[in-house]
Each structure stands twice: as structure tokens, then as C-alpha cells.
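What follows is subunit A paired twice: with subunit B in the first complex and subunit C in the second.
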Partner chain A sequence: MQRRVSIGLATILIVCALWYAATAMFGIIPPGRFPSPAETWSALVHVSGRGYGGGDLTMHVYNSLRLVVMGFLFAIATGVPLGLLMGWSRKAEAFINPIFLIIRPIPPLAWIPLAILWLGLGDAAKIMVIWFSAFVPSVINTFAGVRNIDRPVLEAAYMLGMPKIRFVSEVLIPGASPMIFTGLRLSLQASWTTLVAAELVGAFYGIGRVLNVAQQDLYPGMILVGMIAVAILGWGTTRVLGMAEARALRWNTAALAAKG
Partner chain B sequence: MNRQISFTQSILLGFLGLACFLGFWQGMSMSGLVSEIFLPSPVEVYERFMTLLDRRFAGATLPGHLAASFQRFAYGFLLAAAIGIPLGLLMGWYQLLDEIVSPLFDALRFVAPIAWVPFAALWFGTGIGGPIMIIFAGAFPPCVINAYRGAKFVDPRLIEAANMLGTPSRRVIMEVLLPSSVPSIISGLRVSAGLGWQSLVGAELIVASAGVGYMMVQGQANIQTHTVMAGMVAIGLVGLALDSALRGLERYIQKRRGLDH
Partner chain C sequence: MGVIQFKNVGKTFGPRDSGFVALKDIDLEIRDKEFVAIVGPSGCGKTTCLRMVAGFENATDGVVSVDGTPIKRPGPDRAVVFQQFALFPWKTVYDNIDLGLRNLNVSGSERSSRIEAILNLMNLTQYAKHFPHQLSGGMQQRVAIARAYVLDPDVLLMDEPFGALDAQTRVVMQEELVRLARKNPRTVLFITHAVEEAVYLADRVAIMTRAPGRIKEVLDVASIRNAEDWDSHEKIEDVMDLESFVHLRTHIWRSLREEKAAQHA
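After this line comes the complex of A and B, so read on.
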């Protein structure tokens, strides 16, 4: 492990040094193509201080993050129950699955023009496409999670005459939760991709808007700042989800430890 | 689990579901609750789809746009496979390379493929080069990851047996490591075809002058909802065809190697 970390750090340092050498020292990469570290830094100062593309960095980050969180939570609130229902009832599965099969091949990004036609360039259109992109993975994985619960567990709950509500909250949801979280991770990734695309197509603020304006202004430093911001936000929200998963599934490791 | 249902029942329920979905859609657009401009009925979308097959819109017919999109997709996807699979395999076999490349790869993975659009446009233009780079950005990671997994998790007993029998290392690679990584590589290709196709649509929505995505943007600008929906149908159909082709390949390979059960 020690060796892995030190080699990783060395690689990153070397890449940064090469970046500096190729752009600022020797000019192998022309300045209009890729920014030097200094240009990136000045773009960062520019967007955080004076603002760029209609607002400062905090405002853009806040708005992108807000839209992703809203669309994502909305998708969980609708997708997970639908997945539970389809996993639980064969009839519901037979009824809903064909509709799913014809909608699913359409990639979320292809909904962007329709969302703009219906809801314009504001927040509502973004929430709609994010919801759509995050909805599908949450349904599918929740469904698979319910189907993977051990049969004896379900039968025991049945035999003991468990009330429906307790059955859902104490057997179905916990049993499916490892798969549900897998679905949520995929949903979260899809949410970010979709949001950035929707903001690039048309928006008034947000990280995608920064990227879009920077592209039109031929401002490589700002493009790089926007990309780094997208990466950090994606990484950060995935970490938060990972922490929530560890908390929610604590019973699982505890149960395994008790068994061992 | 809830009660099982018979095959006929499930087919009937499936048709009922589809009928409800299409009926609701048709009803909404016929009732006048929603303007027809914004919600054309399924019949209108179908008719528009058929019209677009031989009438030009935004510079080409629908097959013409699809051909332009598909050409870009094929270049980007093949490039991603040609670079990603060998890189993944090498990373799986040589620990040092793994340790060097992994941190960079992990850092780049969190950049959504679509966020490469500005640089792609700046470096390669908006014609064919830029979109190819976006498809590459979408399709590359799954190729690397799955080839890596395939190579890393080869049954060690196979390698030990080959080594014990004195097989030269070149033959170990060609005849042991490579074949046992194939299933993982193929499933990686399926994921990356899906992501590449989706990234292409995104790229064409933002920067392009031909292709299905471009056709949809033009439809959106002219408030032609039926054109946008016809484009979505076309994208879905091509995506489905790509996936079933790769799924067929997957099954064929499993069968040939006697892994079928």
C-alpha cells in the first residue's frame, strides 16, 4: 500500500511538472490550446473574484449542486418505490416492464431538446432530465435487489404473518439496500453527466454555463477550471453517498461479524 | 416472493401496460389539454418518422443523419477499444504500470465525458474530430476497467500450470491470459458502446452540423416536437441494435468456449 501511494504521488507530481514544462517553459503546447498552470490559476481567481458567465464560482457551483441534488432526490423518491413494487409483484413487473423496455434505450441526454421545448432553459428542464437519467438506474437496481433477497427470509416473514408496512420497511428495503446503493451510485454519475450536458446546451448559470462561455471566448484556462470543478463536485458527492451507504449498511457488516 | 403468474398472463399484462401508456399519450394530445405542438400523438410521431426517412430536414434525411452519427461513433468507439483494451490488459499484467496509471485514470474518471466538449471543439473542431474525442472520452474508461479486471483476475492456477510446464511468456500471454480475459473485455465493450453512443448524442446537441443530435436541436429551435421525438426514437433504435449486436457477440464467444450452460 505504501508503495502504491508513493508511486501515485510521484506520477501526479511528474505530470504536473510536464504540464508546466510543456506550456510555460518550452511552449510545446501553444497557449491557445491548453492553459499553463499560471493561466489556470488566474482564471480561477477571475471566476471566484469578479465572476464569469453571469456569476462567481460559488454561485455557479451552488446552482449546479442544487439542481443535481434535487433531481437525484426526486429520482430516488420515485424510482426506488417503483423498483420495490416491480420486484415484489410479478403482475406489476409484467405490466410496467414493456413500457420500460421501449423508453430505456433512449439515452438521458436525448431528452434535453424535449425538456427545453417543454420547460424552457430554466431549472425545471434540468431537473426533468436529471430525474430521468437517475430514475432508470434506481428502478433497475432496486428491482434486482428485491429479486436477490433469499427466499427463506421472505417465506419466514410471510409465515410469521408480518404486517405489510413492517414487511416493506424491515425486510424488503434492508434486503435490497446493497443493490439499491449500487443503483444510486450509477444514478449520481448519470446525474452529473446529464446536468453538465444540459447546461452546455443552454443555461443562465452553473458550471456547464461557465464551460460554454469559456468555449465561445476561447479561454482555455477557464475551460480547465470548469472541468476541475465538475470533477471535484462529482468526486465529493460520490464520497457523501459512500458515507451514507456505510452508515445505512452498518447492520450488514455487524450481522456478518456476529455470524463469523 | 409474490404469487407467480403464467406466461399468458404476463404477455397480456405487458400488452395492457403498453396500451395504457400509448392510450394515455394519445388521449393527452387529442384532448387538447396539452397543445399538439408540444405533445404530438404517437401516430403523428410515427408519421413524422416515416416522412423523415426520405424528406430532408436540417440538411439531410434521417438515414443521412444517422449515417453521419454512426460514422463518428464507429471511429470514436474503435479508437477507444484499440487504446483502452491493450492499456487495461497491460495494467493488469504489470503492477508498476498499474501503479503509475491508476491515479491519473482515477482523477480523470470523475470528469463527465461531456465536460470535454469545449476542449474537443478547441482542439479538433466541431466537424468530425471534436465529436470523436467526446465519444472516446465516454467509451474509453469501461474498456480500460474491464480489460484490467479480466487480466487481473485470471485464475492463478492456470498461470502456474503454464509456467510449470515451461511455457514461454509470450505464449502465456497469447494463450492463457488473453483468452481468459475475453468475456470481461466483451462486457466492457457493451458498456462502452452504450456510453459512447450517449456521449455522441450529447456532443451533437452542443457542437455539430450534421447527425441525429443536430437534427433534434434544429427541431427544437423550430418548435417541431414531432421531429425531436422522431429523433429520440431513431437514437433508441440504433442504441438497441448496437447493444443486441454486442450481446450476440458475447453469447457467441461464450458458446464457442464451452462456457454456455
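After this line comes the complex of A and C, so read on.
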């Protein structure tokens, strides 16, 4: 583990060194195309201090993070129950699946114009689009998770005479949870992608807004700061989800270890 | 009480006139606290018999009933032990056993004393906090048997419970089940394709024909066991050496071989 971490850090250092060499040192990449490390640093100082694109970095980060978390949580709260219902009841699946077949091929980003038309440039439209993009993977994976529960395990539950609510909370949800978490990972990724796209189209604050203004200002250092900020936020939120997953699936890690 | 009754039971999978006839004219009564094993060639529908008592399948002809009540759905009065254990992998051994009792609204203190007793009886006490996957197959099946026994069911249904275990573990489990069943008799319907296992465990052995499955013959083992005092032998191999045991086993083997031959003819 120690070894892996040090190798990882070394890789990052090498990439940074190559970056420095290609830009500031030898000028292989012209400054107008890609910023040097120093330019990127000064852009970071700029947006953190005086602010850029209507606010300082904390404000942009806070706004983007807030929208992603809200859209994502909203998607979980609606998508997981719907997936459970579809996995559980063939009738519900027969009703709902055709709607999915129609809606699924539409890329979530294609909903942005409609969302803005309905809800304006504020937060509501973005949350709606994020919700939409995160919703689909939650539903589909939860559904598949329920269908993946071993038949005898379900029969054992029937045999034990489970009340309905307990059946859902103690059999269906934990049984489907490995797949539910797979779905949530995909949902989270989709949430970030959609957020940036939605903010690029129109926003008052947010990292997408920073990227958009920086592009208009021909300010490559600031563009890179925005990109790195999204990368770090995406990594951090995935990390938090991973911790929740490890906690919830303690039994499953034991199961995976037993299978070798 | 726990009297299982098959009256003229038939089961057809698929459409009634063109589907697969799995069972035909099954008539069998299993008395209260009696241990009956059904043996038969694979695919003869013996598991289907058990699944109908459990309430997982419905009979297409006739009636399957327990204490005179026709079976409609699964329930904790008819506890099932599955071949593949079917424990809840996300629950500890203790919680797996506890779940059925919670569903029956047994009080907290009674639950813990009953679980403790069964854990003790099945030599599982030290594994109470383990998850199923941390245990061997034999241990997992022990938990599944404990989960069924703790409910104090009228009827215990065991579907090739030792089929997935290795030979040594299997013998140990058979001895333990005999110990459990003699000490704490229940109405048991036991499905197996292992002839020795059936003779060793059961009071009566029902032999089934190949599909469509019918009951070909029912052998009374208990009267021979008692006359020859099998239970005075502690080890399974000693019982299996007895002339009366060998005689019964050979009889069932012949009967099953006829079925096999008929299948290939």
C-alpha cells in the first residue's frame, strides 16, 4: 500500500516536471494554448483572492458542490425506490420500462435547453438536469440488483413470514446494495458532467461559469484551474461515496474475500 | 401438530394439456412427529413435492395440506432448509436466526434465550457474530438448520440439505441431525437422492418413480430400527454395517435401478 502511494506520487511529480519542461522551460507548447505551472498558480491566486467570473473560488466551489449534492441526493431518493419497485413487481416493470426505453437514449445534456426554458438560469434548472442524468443509472442498477438476489434467499424470506416493510428494508435493499452502489457511482459521475455542462450554458456562479468566462477572456491558466477544481471535487465526492459503500457492504467484502 | 397430507396430487408445468407432467397421483400422509424421506431419480419431482408443502408451488391437481388446511403460501409454520443454505449474507449468524422470531413477534428476552439454546445445540455459539461467508459450507448449513429449528415449526422441510457438502462433513451433519431429531422430534419431510442417508435418518422412506413422478413404494424403517436397536450405535458407519440396514439399502437400490433402467429403455 505504502509502495503504491509513493509510486502514484512519483507519477504525478513526473507529469508536473514534463508539463514545466514543455511550457515554461522549452516553450514547446505556446503559452496561448496551454498555461505553464506558474501561470496556473497565478490564476489560482487570482480567483481565490480578488475573485473571477462574479465571485471568489470558495463561492464557485460551494455553488457547484451544492447543486451536485442536491441533484444527486434527489436522484437517489427517487431512483432507488423506483428501481426497487421495478425489480420487485413485474407489473410495475412492464408499466415503467417502455417510458425508460424512450427516455434513456436522450443524452441528459439535451434536456438543458428545456430545463432553462422552464426554470430559467437559476439553480432549479441545473438541479433538474443533474437529477435527470443521475436518476437513470440509479434506477437501472437498483433494478438489476433486486433481480440479482438469489432466488432461494428470497424464498427463505417468504418462508420466514416477513412483514412487507421489513422485507424491503432487510432483504431487498441489502440484497441489491452492491449493485445500488455501482449505480450511485455512475450517478455521481453523471452529476458532475452534467453540472459543468449546465453551468457552461448559463450560470451566475460555479466552476462551469469560471470555465466559460475564462474561455471568453482567452485565459488558459484560469481554464486549467477550473478543470483541476472539478477533478478534485469529483475525486473527493467519489471518495465519500466509497467510504459509505465500504461501511454498508462490510458483509460483502467478507463475501468477496471468501470467494478469493 | 403437524400432519402433512398429499391427496391425489399432480403437478404440471406449463399448459395443462401439453405441459410437462412432473407429478401424478401422489398420495402420502406424514404423521405428526414422523421423519419421512423421499428418494428418487433426479428430475422425478421429489423437490417439487417439498416446494408444494412449503407453499412455493401450487398443486395443479389434488390437495396438499398441513393439519387439514390446504397450503396457499409460504409461512414460518413450515420451515425450510435449502440445499444452497439460502442464508442472508448481509446478516450475522445471530441475526439470521433471529429474523424469523422477530417476524413472529416473540418477545426480546425469549428470543435471546431461544437463540442461545439453539446456537449451543448446534455448536455455533462462538460464530454468532460471523457473517455466513466467513463460515464453511457445513457451518452455514448448521446455521440454516438452526434458523429453521428455532421457529419451533409444525413441519420441517429439508431439500437435499447435505447435497452441497463434502462427504466427511455430510456424515457429521447426518449424525447431528439424528441426534437433534430423536431428542426434539418434529414432522420432517426430507428430500434426498442418497439412499443411505434416507435409511439412516428417516422413519419411513418413500421411493418415487421417474417423471411423471409417482410414489412407488413406502418402506417402514422405524420398526426395523427399533427392533434392531440402531440408535444404540453412535456412529453412522456402525449402523451402516448392520445386516438389517444393508438389506433395506439394497432393496431401495434395486427399486431405483429399475427406474434408471426404464429411463434408458
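General remarks:
Here, the second predicted complex is superposed on the first by the 241 of 260 C-alpha atoms of A that agree within 3 Å, B and C clash if a C-alpha of one lies under 4 Å from a C-alpha of the other, contacts with A are read in each partner's own complex, and residues count from 1 in each chain.
To be clear about the criterion, a residue touches a chain if its C-beta (ideal position, glycine included) is under 8 Å from a C-beta of that chain, and two chains touch if they have at least 3 such contacts.
None of the values given here were measured: they were computed from a predicted structure.
After superposition on subunit A, the partners subunit B and subunit C are accommodated together without colliding.
Using C-alpha centres, the superposed arrangement gives subunit A a vertex angle toward subunit B and subunit C of 90 degrees, stated as a multiple of 10. In the superposition on chain A, A:V196 contacts subunit B only, with no contact to subunit C.
By the touch criterion stated above, A:D217 is placed in contact with neither subunit B nor subunit C.
Taking subunit A as the reference chain, the count of touched residues is higher for B when subunit B and subunit C are set side by side.
Judged by the touch definition given at the top, the superposed model places A:W251 against subunit C, while subunit B stays out of reach. In the superposed pair of complexes, A:A156 makes contact with subunit C only, with no contact to subunit B.
In the superposition on chain A, A:V171 contacts subunit C only, with no contact to subunit B. Superposition on the common chain A brings subunit B within a closest Cα-Cα distance of 11 Å of subunit C. For subunit A in complex with subunit B, the residues that touch the partner chain are 3-4, 7-9, 11-12, 15, 32-34, 88-91, 94-99, 102, 105-114, 116-118, 147, 151, 154, 189, 192-193, 196-197, 200-201, 208, 211-212, 214-215, 218, 220, 223, 226-227, 230-232, 234-235, 238. Those residues of subunit C whose C-beta lies close enough to touch subunit A in the complex are 54-56, 73-76, 78-80, 82, 84-91, 99-100, 102-104, 131, 133-134, 147, 151. On the side of subunit A, the complex with subunit C involves touching residues 150, 152-153, 155-163, 166, 170-171, 174-175, 177, 251-252, 254-255, 257-259.
Contact residues of subunit B toward subunit A in the complex are 1-5, 9-11, 13-18, 21, 38, 96, 99-104, 107-108, 110-119, 121-123, 194, 197-199, 201-202, 205-206, 213, 216-217, 219-220, 223, 225, 228-229, 231-233, 235-237, 239-240, 243.
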